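Consider the two complexes below, in which chain A is the common component and chain B and chain C are the respective partners.
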Partner chain A sequence: MSELILQALYSGVLQGGSYALIALGLALVFGTMKVINLAHGELVLLAAYMAYMVESKLGLSPLFAIPLALVLVCTCAVLVYFLVSLIRKDRELNSLILTYGIGIILTNAVLLIWSADVRSTSSAWFQDAVVVGPFYSMRSELLFFVVASVLMAGLWWWLSRSWYGRAVRAVSSNRDAAKLMGINPRTTEIVSFVVAGILASFAGVAIFSYGVIQPAFGHALTVKAFIITVLAGIGSIPGVMVGGLLLGIAEALTVTLASSALQELVGMALFLLVLFLMPNGLFGAKARRG
Partner chain B sequence: MDWNCIIRSKLKLAALALSLTAGVASAEELLVGAEIPLTGSLARVGSGMNEGISVAVEVFNKTNGKHTIKVITADDESAPAKAIAAVEKLAGQGVVAITGGYGSNNIGPASDAANKLGLPYITSGGVDDSLTERGIKTFFRINNTAGYRKAMVGLLADMKVKSASVIYSTKEATADLAKDVQKELTATGMTVGMHAFDPAITDFKPIINKIRLQDKSEVILMAGYENDYVGILRAAKVLKPDVKAMIGVWSLATPKMVADFPDLMPSVYGTALLPFPAEFKSADGKLFADAYKKLYNKEPDYLGQFGYVQSMILFEAIARAADKGTLKKGGVAEELAKTDRETLIGRVRFNDKGDNINFVHRMGQHQNGKIAIVWPSDAATGKMNFPGVPW
Partner chain C sequence: MYVSKTGLAVIAAAYIAVPLVLGSNNYVMSLIVASMIIGGIALAWALLGNLGGMVSFGHSAFFGVGAYVSALLTMKTGMPVFAAMLLGGVGAVVASLVMLPVLRLKGPYFALAILAYAHIFKIIATEWSSVTGGSAGLASVPRFPELMGFDLSGKIGSYLIILTVLLAFVAAYRAIRASHYGIALRAMHDSEDATRVVGVNSTLLKALMLFVSAFMTGVVGAFNVHYINFLEPDYAFSGLWVTLPIVAAIFGGYRTILGPLVGAVTVYLVDQLIFKSLIPSGHQLVLGALLVAMIIFSPGGLMPLLRKDSRRKHAAA
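What follows is the complex of A and B.
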């Protein structure tokens, strides 16, 4: 039994890292602009399809798709920003409808270009088993867990130490006060969308390398990212990591100790429980003050 | 020339003109609706079925000589409400019957709507027993859970294994099949471990680990879809459970899986109508294969074959009803009910609930980049590689 639980914890941690990587971009934009980008999953998916293109058409490792994905996904992210910025009234609510629509357009564009077939890497290197004692994983899972951890640490450093990072936090905290301090909120918001695009690019290539992709997959990614963002608390980057790990471990333990059919249910129950007990999330503003 | 002669020749001319006019009238273009998921979660399978329907139109129009069929396609977006709307839209456009449908949860309400509109509905995309238990006289289905169950259980009987673990998606069709298989295997004295999974799952390692450490079964049965199989087989390749075979159902023993996931497929079993590369021996099969390759420039897969068979059966029934003048009087459903013919999927004959009573699937195995039919023995094109797993 202990071997089962140890493997479940390990799988949960790796899965949690993947979830956190997907959620980071959404959490950043949510924290900065109070905009829930419901097209975030489709942006991640777009990067995943870039990886598919690079592997299937050029015969290169999916990792070589990262520069291409960065250009395409960041451009799309900036376009989403410009469309959102056109909203003059009730931006928080109307942006939900707008980004949901953008998500549908992107899903159908992916369907038209790459068809509805299931895609995944054919590289054996990514799928080879890495066995350390009682722990089993694919090489790609381990690799992208490390990448996710580095990106999260980098993002945390950027937000807390760099000028632009501080500007993002200032705009997030009080847009008008930030303006008075000489910060251009528009530029700051574009920067946060671009950073979200960078994170989505890495997440997409990661998903293609250890999972499978399909055009309709983007919406599920957005939902997962949203759950983690709410679990974490608005604007909390360490919270996203903790939220992702918590969800990943809870799901893996549910499969091991109960039934795999309950995995998604447990995730949603955890989400509702945290919302009920800690409405600001695990690391939300009030919790931090407390 | 006397008057009688003139009248006789004019009557002959008039009769000839009438017969020509009648000929033209009977060779009308008949409209058929195709309600299919072309977007949404079922887009992949819907597109596959749509290819088969298009091939059926091509072959029917080329070979019938009297009637031509025109198909109007409506995307049901993989959603039940949209499926009903698609059927109603097609009815408004004057179709005489519906072919298509995927997913029992979409087919149920869509075929109900078709029945209320008096339109026959034929499908191969839903195997849930409740679809035929409704007793709708306009509903027809060429495949069913029983056919898949017989194939899986038959293969296991040939393997002479004593224990199996079933990993199945909680979707209706896969869950029903898994439970049916469990019931039948348990009745034969086998030990069966059941592992349901949510369709949203991406990491199957915890499930495979349970099978490896707790179940310790001889074989793993998988009831899911392409993305699930890839996840399960990858997890199994990492954890390497001590099993003798990995056996799935639909969407697994296909040319697409051979091409896209060659490292995951060796020795894996799945339901398959034909070996790969496909060998079409019948005249109908050759017509289908030629038209499919002409239209899509690729090897036909099982979705295309099912879509083709269901549509050809429907088109032929429509043609017979048109000849009898019963097209608008329920004649299509009556003609469908009388169907009894050899097809690419075997003999098709419907019972009074509209189910194909003859449907039994075959089991194929991935062997050296090809697919060999290994069950039943009378249809086998290769010997079973057992025990054998991809790792």
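What follows is the complex of A and C.
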């Protein structure tokens, strides 16, 4: 039994890497623009379908889809930014409805182009089992966990060291003060959308390479990403990374100990629990300090 | 309550002319009834948005709970259909009680927390199969009864029932808006903090609006299940019961009373008659585009654009 639990922990951590990438994008955009992009999961889905297309039509490894996904997803992310910036009044609520609408458009576009069938990779290389110590996983799971870790380390460096990264943090914590320091908030907002798009592209290709995708999946991913940012506490980037792993682990444990039908329930339950008991999230207080 | 002459004429036409002219065409009647079901949810959604200031992505929760409560009551206890429909609404209110803690949250938190509830209810309906029949669903849910020799379960009968339900909703909405609650809610819309300072319990008011909205949605859900006589979790808690009403309410104008109803009939009929035949799967793409366009170009909806003087008239009423 304990082996099963440890194995579930391991799988959960691997899965959590992609979750964290998706949630980080949502959190970055919320930070700079105070907008929850409800179409974020659909952007991830687009990248996943790019991977599917590259594999099924061109016969190449889904990895080659990454550049394609980067271009397409970042373009879409910037388009979302421009649409949101067109909202004149009551932006908090109207942006929710607007991005919800964009999500509907993207989901149905995917449905039109690739039909409602469930897709998964046919690459044997990806699906081969890899053993690390006592744990098993698919090669793609491990590979993309490493990719996610590298990306997160890169993001960490970018946010703390680079000019634009620090601008993103400055605009997130105090928009007016950031303006006074000579930061253009609009540019910073676009940058945050592009970075969110980059993270979403990798996450999408990752999800296709070890899981199954279908058009309705994008919406579920948005919800998961939002749950993670709530777990973390809005504004806490390291919190989001931990939150992604937590959600991955919670889901994997539920599947192992209870049933896969309850997999979604655990995320929702965690989400509501955190909202009620600690509305600032698990790491929210830290974020307020700095 | 004040009802204008045009209003009376429209009501009379809806009760008499529509069944007379279109009643023989089953297909058109079923489309109209379906669009009115969407209209009922859209009205309830808009009430919460307009009076309560809250955007919800989880109204399918109330719709599904209302449907299940009403279906189970009629099937297990033999309760008359209309009584069960009302209790379906009550069931949705009870379901909304567990959402009360969410009312403290603002904007995106409320909108998505309520979505989480909708997912949870769907999972409960699927997993609690001893009561709900699980994912296989409930078949042969009782139909509407006969009333004085007139079979209400047909298309025309169902149309008359949902029409009456919607009119009752409209009357209730107007009554709430005209009451001192309505004034307090309008003040809250401008500044919740300022309204609290003068002694209005804003959380209580929001909770009341959530109850009203949940009740309405629950009744519509209950109507739907007796109309189609079948229920399963994926259908009862489908995202369609969220998407279509939002598009309808935003299109028609969610700050008006008639906007969501007009929007629902227009959007649903155009979607089903035109776009569904053009693009069989994925025709909702058009709805998404419509939503985006409305928010950017006319967030107030079409009704205020069409009738620029509507605000003055409503203020007088």
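In the analysis below, the second predicted complex is superposed on the first by the 277 of 290 C-alpha atoms of A that agree within 3 Å, B and C clash if a C-alpha of one lies under 4 Å from a C-alpha of the other, contacts with A are read in each partner's own complex, and residues count from 1 in each chain.
Here is the rule we use: a residue touches a chain if its C-beta (ideal position, glycine included) is under 8 Å from a C-beta of that chain, and two chains touch if they have at least 3 such contacts.
These numbers were taken from a predicted model, which means no experiment stands behind them.
Student: Looking at the combined model built on chain A, do chain B and chain C fit side by side or clash?
Tutor: On the shared chain A, the partners clash.
Student: Thinking of the overlay built on chain A, is A:272 touched by chain B (first), by chain C (second), by both, or by neither?
Tutor: Only chain C; A:272 stays clear of chain B.
Student: Determine, under the contact definition given at the top, whether A:116 touches first (chain B), second (chain C), both, or neither.
Tutor: So A:116 meets both chain B and chain C here.
Student: For A:180, is the partner it touches chain B (first), chain C (second), both, or none of the two (neither)?
Tutor: The answer is neither, since A:180 touches no partner chain.
Student: Between chain B (first) and chain C (second), which, if any, makes contact with A:105: first, second, both or neither?
Tutor: Touch status of A:105: second partner only.
Student: Is A:132 touching anything from chain B or chain C once the two structures are fitted on A? First, second, both or neither.
Tutor: Touch partners of A:132: none, neither chain B nor chain C.
Student: A:264 contacts which: chain B (first), chain C (second), both, neither?
Tutor: The answer is both, since A:264 touches chain B and chain C.
Student: Regarding the shared-chain residue A:230, is it in contact with chain B (first), chain C (second), both, or neither?
Tutor: A:230 contacts chain C only, not chain B.
Student: Return first, second, both or neither, reflecting whether A:255 touches chain B, chain C, both chains, or no partner chain.
Tutor: first
Student: Going by the contact rule set out at the top, does A:96 touch chain B (first), chain C (second), both, or neither?
Tutor: A:96: touches chain C, not chain B.
Student: Where on chain A do chain B and chain C both make contact?
Tutor: 107-108, 111, 115-116, 261-262, 264-265
Student: Of all residues in chain C, which touch chain A in the complex?
Tutor: Touch list, chain C to chain A: 49, 55, 57, 101-102, 104-105, 107-109, 111-113, 115-117, 119-120, 123, 126-127, 239, 243, 246-247, 250, 279, 281-285, 287-292, 295-296, 299.
Student: Can you tell me which positions in chain B touch chain A when the two form their complex?
Tutor: 39-41, 43-44, 46-47, 78, 170, 195-198, 200-203, 205-207, 209-210, 213-214, 226-227, 230-231, 234, 237-240, 256, 260-263
Student: What residues on chain A touch chain C, complex-wise?
Tutor: 36, 83, 86-90, 92-94, 96-98, 100-109, 111-112, 115-116, 219, 223, 226-227, 230, 261-262, 264-265, 268-269, 271-272, 275-276, 279
Student: Going by the contact rule set out above, which residues of chain A touch chain B in the complex?
Tutor: 3-4, 7-8, 11, 14-15, 107-108, 111, 115-120, 122, 124, 127, 129, 136-138, 210-212, 214-216, 220, 252, 255-256, 259-265
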